[in-house]
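In order of appearance the chains are A, B, C and D, and numbering begins at 1 in each one.
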Amino acid sequence: MPDTTTPEPEFDPRVRAQYADWARASIRYADLDPNGHVNNGAINEYFEDGRVRFRNARMAKFGDDILTGFAIARFAVDYHAPLGYPGEVEIGTVVKRIGRTSYMLGQGVFSGDDCIASAEVVTVYFNSDTGSSQPLTEELRSVLEAAMIAEA
Amino acid sequence: MPDTTTPEPEFDPRVRAQYADWARASIRYADLDPNGHVNNGAINEYFEDGRVRFRNARMAKFGDDILTGFAIARFAVDYHAPLGYPGEVEIGTVVKRIGRTSYMLGQGVFSGDDCIASAEVVTVYFNSDTGSSQPLTEELRSVLEAAMIAEA
Amino acid sequence: MPDTTTPEPEFDPRVRAQYADWARASIRYADLDPNGHVNNGAINEYFEDGRVRFRNARMAKFGDDILTGFAIARFAVDYHAPLGYPGEVEIGTVVKRIGRTSYMLGQGVFSGDDCIASAEVVTVYFNSDTGSSQPLTEELRSVLEAAMIAEA
Amino acid sequence: MPDTTTPEPEFDPRVRAQYADWARASIRYADLDPNGHVNNGAINEYFEDGRVRFRNARMAKFGDDILTGFAIARFAVDYHAPLGYPGEVEIGTVVKRIGRTSYMLGQGVFSGDDCIASAEVVTVYFNSDTGSSQPLTEELRSVLEAAMIAEA
């Protein structure tokens, strides 16, 4: 996380109440590994879906020009428990930190109240003309702040 | 379809009332093609999910020994309309024909009342010791018959 | 296949010499099913890759405007043998029939000389303004004819 | 990484010479995002393939009983550059740290000499009877040590 300027409150990714937005995904048979568990790659797809829904819900108003400027720079996931088939998962998403040119999301994949996996995802805002990172606009910052972890 | 013995009634795969069992799947961002539509391969995964749910709902009582004897021999799908993201699909499944050593399912992937794609799927029953196809048992036949298209 | 005008020669999809173009794909661990075999959906992705490479090799000169007019209307696949991991497959592609507004490809997925699966794929040429099918241009027809099964 | 006992040498994940083992994967059309780049989830599958090949090459002799005891606890990936289609990637894998009950791999996905993404992956060794982590055996440790980053 190159340029953090906002302090990070205490955060337990396994607690559902920490998350601002929720999405749902159904588990597919094709997600299963030879060992009969859901493959880690499928869990990573659930996280991606949570991010896209978050973006669509909160940033769609900015139009495609702004949105195509975002790229994921880092994805770090902790796998806490195995997951079976069939079933549904819920994906919680929240803004953990806002930097000058990037922000970090916290995410959790839940089966009921069980946190199957949690992740931190750093997204950088690029200028598509120059290919360099650029400062988040005030509009983007205020949308991100509205989705941050509530202080205790 | 090598060994059909049951006549096939009129069947319009785009009509929801034709199907015996239903499953649901959520569309994922990862399902999208460069053209912004859901990839045909993802639609094929929805069909697979419908079949696995059908099998779990109606044949789980036979145990793994019987179920591992099944293999898909033929999958033929007609794509009727493009599908977007986000959203959910419902997958209808019904038995269209029962042969001596195989059976054919009819399936439809629906977005609301719109049939996005329909498929015919032939499953053969194998003897895992010999690797040859073998006759469906009476128990399997009666389960399959119970899931056939109702006659008008 | 609505509007075939070209007769179809004898065709055995399990014979490598029948195919005009070849592509390669590596099998992934994520392709495996709970039963330890490559999932049918992954095999369908190999077929798709063969089609895209065929199109890129023979039709790229027509530009994106023409290419976005194509949509797959029907995909019918016969699964002949199970496939394991790791390994590579080769995908053969050939034009089987040319209609007025559509054409049919024949494809085979091979592991060495073993045909794992074979498919017929009908692609329709659409007018993206009207949403209706439209006649293949002479240019497209001559490219497709050059990729047809050689007569004995 | 809970219980590291081995010091970590300097490591630049973008340098091919750092890696002990290599695997290859072909990029698929189905890997593409709506933006025309390879999806991050597909890149994660390439990493997985590198790990499975690494395990098969170096640990297959221990048999399934030992291998099923491993589970990935953490996967952290940095995405450095976009990736297009078609093409191949090479995946480098090396042991970065060995702990008491776990080890950390370093991995890189390369297109030619360009490092597209790099990852750190923590694998924990579980006792499948108790569900608790257990110490790596001496045999496992010596296999892992043989695949560590060479000191300068």
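In this section, contacts are C-beta pairs under 8 Å (C-beta built on N, C-alpha and C of every residue); 3 or more make two chains touch, one makes a residue touch a chain.
Treat the numbers as computed from the prediction; the structure is a model and nothing was measured.
Judged by contacting C-beta pairs, the busier of the interfaces A-D and A-C is A-D.
Rounded to whole angstrom units, the spacing between the C-alpha centres of chain A and chain D is 23.
Each chain gets a centre from the mean of its Cα atoms; for chain A and chain C, those two points are 37 Å apart. The multi-chain contact residues of chain A, meaning those touching 2 or more other chains, are 30, 35, 39, 41, 45, 48. Taken pairwise by the contact criterion, the protein chains are fully connected, each one touching every other. Only residues 24-26, 28-30, 45, 48-49, 52-53, 56, 85-86, 88 of chain C touch chain D when the two sit together in their complex.
Listed in rising order, the residues of chain B touching chain D in the complex are 30, 32-36, 39, 41. Those residues of chain A lying in contact with chain D across their complex are 35, 39-41, 44-45, 48, 68, 71-79, 82.
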